[in-house]
């Protein structure tokens, strides 16, 4: 059971990473990056790295998404590529 | 023709079995890292570059964490019940204070394979925080660039530097 | 050679420091011109006094040594002074002429109301102490160290006038000297350093003595050294010397007739005598290459000198020729030739400096630079042109002047070495020297003065006095060559 | 007390930075004294450590938190690599002193307000400056691979701040590129350490080398090879080695002048030191030169770096940009020198000596150029005209630095070139020797071009100088423009050190040879 | 377009290099890989020592916190310095000290416009939520020894609560709670606490960050307990710094450095 949980998350991870880079609108890119952080936090929790997962959840999904959004609000939202 | 396909399938399965399978999880971090690196170089928007950079760093953290994984090992927090129930021989005091605080080394019986390796986790705590700190500074610099150039697209910025029409402070 | 007793004394350091200490003095009395010139003069005398002291120590063959810093690790190449007969001979010539030149410079500068004199005199003193540094160098590294510093400290002098020609002259001057010294000199030193296992000092027998070296490597290394020390003015790398004529005359007089160019030749002698050793070069006869390069330089420079109308450029090309006399003498390796070349350093120095002094004096007095304008000036300035004639005779090697002695030794050396072709070149080039000097004297004395020539005032006494002293000295050297002779003898026993 | 010195050396700038952040915002004048006191303490500690290592001949070990290898704590015998180890040995003692001196001199130089508009940010500047110093000190003496990564990040973050706080827009763009490249470099290094940890099980540098020497299958395993490549790649990015130097010229020429004066001499040199530390201590020179045997390729890369650096420097017409390309060439010297696989390790000795020499030379040049920029507004080459008259004292400092860069004997530049050329000849790498000679010629042309402009003025008067009626005697230079004392004193101290290091190179190299002799294969 | 191809080439090359390295890794999750089980002949494996000796040495069940704060405490101190340096760098880069009209104008937020409903819903929920978040953050810091958590996680959550306040009620109210002078001082004091504890053990005569030396000061039964309490002190220091700097970064990024207005 644990094995294919791993695989599902890995596939989702790769998908979110690629989308986050490809999507034109920076706000949604930040959102998807938040999801990416949250997913990788799940993967680590499954791998037994509880502390790292907790930090990634708080720091990655939480704060860095807020910083990205704050910057996008203060600059242009449309990205050319 | 048929046996040719069988041989081919058998070889692919064999290949997956003992080349990919044992190291599959290690390949995952390589894939993520390459996505991050590709985003870092190919993307023209500065914010996208930073997202690529963060993916690049989290991939490295994934590699480190997968170093310390042990099959069927619990999280690296010492739990009383498991140690107590595991073997009666381990006479564990209910509370360390009963022992007057002195440990007489009875815990040697702890089986290290039961717990995940804590060292990579410590290293990665540091790496995550360093990653956020760098992201914060990079975003601040990006905003400062936006203040001067009015755009975050790399090719437009280079254009403006060539033509020199950015805000010139005294 | 190594039985010589070594005297430890830091006289050489004092000799070098004498002119260095003058610099703060000069800077201090920036405003009072008289005091400043006095400081320069006193420094000159002090330096000469120290050099004389060392001379009395070295006269009987002993060597004065003193260590400044231990330089490179792993090998014994400390920065050390080691004064032997060759070193003291060159130091005597340089420091004695410095006194006369500083006197001359005071007159010249005051005559032309030159600008930035403080800078001029301080760098003048600095380059002198660097010259003495080269003279006293105890090993190849110290030699290279002071050689480099000399070319840097003379740059501000060469470009003193700070105008277009000074700039381009300075540029050729530096590009040539630095590129050859870094391009050829440094690798050569390092190759020797590796080949001889790290002992670069000139004491004892030659550095590379006993090394098995083929003709090719020996020749390439020798030429790398020869071209590395491009101050010796060997042909392809000589063009910095005419370029440096842009400098005011006292500079070109002392530096480019005596100090700088003689440093180049001095280094070549050190290389041949102390780095390779006469016998090693003899075996692999790599010295022939150097001989023919020097011979080629002599002939071509004499020919070019004939075509030059500018007086100072003609003297410059004649200097290149005379330098190659010395290089050729050393390259012949026979005792007579080496002694002749060492004596020629002194003879040529006194002769050529007189000529430069005269050129400067003419310029101060009449503002004329070109030979074609010199008609009839002999009657106006008889003493000046008299000294000019003596200087010319000394350089060409005619009887009453010392030049004859050194040339005679050189010719005898060439004969010893059975190099008849080189002997012929010696004779022919002496004739060529005459050919490009005597028309000037002829024009000055026997051509009528052009009618419209403005009333010319005589050259200042401070200029005329030194040139007459040097002229007298070159004659005196003919009658009492004793000092030079036994010094040269010490360096190369026999003959 | 003596054996506490290594930690105090790292901590005093940290405490300085904290106090500056605490009290600085209120009174800007308080920043400078705190900074000076903390840096003087760390310099004293650095010199104390060197003295100790020099006299006892032994390296100074220090285990943070008391977790010394082999020490018994509470009945538990502590293995190597349990805690974090610091060690001051022959190699990093001198680097420590050079950093201490450079940082102190630049902090004195930076007291006068930048001249840029935001003088209110001096306390941020000093706080970042001291943290940069703390990071550099820590990087030099740490003996733990991961700790080195954290300290690299500390000094990099401080340098990102220092570069980006300037007022010039191009500076912020350059800072952004520098952040990206610096983080990628540090991440490659981290990945390399991860690969190493996976194969050797410990993070302590000596521990890794023992495992590599101990078990042959680890030594020639692929992942250790890849780990070495990754660490090298990371460090080459940090030190701007040839193919990866894109960020350096803009970053160091458009940043505030006093920031440039501290970053240019130190950041790249400490990265070179880290590379050499990796080669000697973590992998061992035998492993590097035998089983990893790519030294020919890397020396060729270094040769290209030297040529490219020199040629680009020649093509520049901005003064600071030119010096930055010279730094790229100097890094080529050091990497090339370190990778000459010559028997007696003279190339490596030359590279280590060149770290010290080049730090001082670059410091001297950048201090002088910063003073020109501040006092006389010199950016382009031809703004320099007539500078000899306007700022003769600063010009003297610049000349000493320039002569050292060309490699004129008494200065340290000549001696480091001497050892590098010797290493080059003995290892038969003639292309490296030729590259060194050509680049010193190009340096000569570069700097004399500057002297000419400064000496003659960009357009010298036509005709012969002395006939027009200049007034007699000295043309009094306009004294007004001469640099203030706070920028002259550091410049002249550096110039004196350059000549001093040159003359003292005998003892210095003996001292360095002990490291190379002890750990390297070559004879001492 | 050239950049795209360059990126592809670089990515493929590094990817191949990394996978080439992966080929002789120990198997996934194997307990006796060099990292987990150590190499015979090279002394006791470090990570096994961590697992077996943390309980007797420091009485701290959570091995990660023990390694983080005590054994490799020097690393974590510099990590806090990294966070502090990031804060200072952001201030240096973004902070606009002289506003256009030359003096530090303080914008008084006009509370008259209360009518917009969005403000009411978000305002009230946040008013209830923020105290709970802060309580949870302090719990995380305090329980770092027994359960996953510790200085960094707690600090970030505490910082996030202030950011939430800034988002919901506007930056002024958040700045009133935690003004610029306060959080810069807070950040500096956090690192000072950390380094101070380390220095304390040096004053007592043992090495830097050797918490065992604090046993006489803290009056604990044995050195292990002293280490456990000192670790808590260090975690508190880290929390201070991380909270202050996270809030500082948000405040600067949101308001482009003028520290007023905000998102």
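Descriptive notes on the structure:
Should a chain be cited, it is by its letter among A, B, C, D and E, assigned in written order, with residues numbered from 1 in that chain.
In this section, a residue touches a chain if its C-beta (ideal position, glycine included) is under 8 Å from a C-beta of that chain, and two chains touch if they have at least 3 such contacts.
Since this is a predicted model, take the numbers as computed values, not measurements.
Each step here moves to a touching chain, and the least such steps from subunit B to subunit C number 2. Counting only chains that touch, the fewest steps needed to get from subunit C to subunit D is 1. More contacting C-beta pairs link the chains of A-B than the other of the two pairs A-E and A-B. Across the assembly, the mean Cα position most removed from that of subunit E is the one of C. Farthest chain from subunit A, judged by C-alpha centroids: C. Of all chains displayed, D has the C-alpha centre closest to the centre of the whole protein C-alpha set.
Averaged C-alpha coordinates give centres for subunit C and subunit E that are 74 Å from one another. Centroids of subunit D and subunit E (each the mean of its C-alpha atoms) stand 31 Å apart. Centroids of subunit A and subunit D (each the mean of its C-alpha atoms) stand 38 Å apart. With centres defined as mean CA coordinates, subunit E is found 17 Å away from subunit B. Contact of a single residue of subunit E with at least two other chains is seen at positions 18, 22-23, 25, 33, 35, 37, 45-47, 50, 56, 62, 64, 72, 75, 79, 82, 85-86, 89-90, 93, 148, 152, 222, 224, 249, 253, 256.
Contacts with at least two other chains are made by residues 50-51, 55, 59, 63, 67, 70-71, 74 of subunit A.
Chain contacts: subunit B has residues 25, 37-38, 40, 44, 66-70, 73, 75-77, 103, 105, 119-121, 123, 125-126, 129-130, 132-134, 136-137, 139-144 touching two or more partner chains.
Listed by chain label, the pairs that touch are A-B, A-E, B-D, B-E, C-D, D-E. In the complex of the two chains, the subunit D residues touching subunit C come out as 346, 403, 406-410, 415, 417-418, 421-422, 425-426, 433, 437, 440-441, 444-445, 448, 452, 455-457, 460-466, 470, 472-475, 503-510, 513. Within the complex formed with subunit E, the residues of subunit D that make contact are 4, 7, 11, 14-15, 17-19, 21-22, 25, 62-67, 73-84, 118, 120-121, 124-125, 127-128, 131, 134-135, 138, 144, 146-147, 150-151, 153-154, 157-158, 160-162, 164-165, 172, 175, 191, 195, 197-203, 207, 210-211, 214-215, 218, 221-223, 225-227, 229-230.
Those residues of subunit E that touch subunit D in the shared complex are 17-18, 20-26, 33-35, 37-39, 41-47, 49-50, 53, 56-57, 70-75, 78-79, 81-82, 84-86, 88-93, 95, 97-98, 181, 184-185, 187-189, 191-192, 195, 199, 202, 206-213, 222-224. Residue ranges of subunit C in contact with subunit D, taken from their complex: 30-31, 33, 69-74, 78-79, 112-118, 141, 144-145, 148-149, 152, 156, 159, 161-167, 170-171, 174-175, 178-179, 182-183, 186-187, 190-191, 193-194, 248. The touching residues of subunit A, counted against subunit B in their complex, run 6, 10, 13-14, 17-18, 20-21, 26, 29-30, 33, 36-37, 40, 43-44, 47-52, 55-56, 59-60, 63-64, 67-68, 70-72, 74-76, 79-81.
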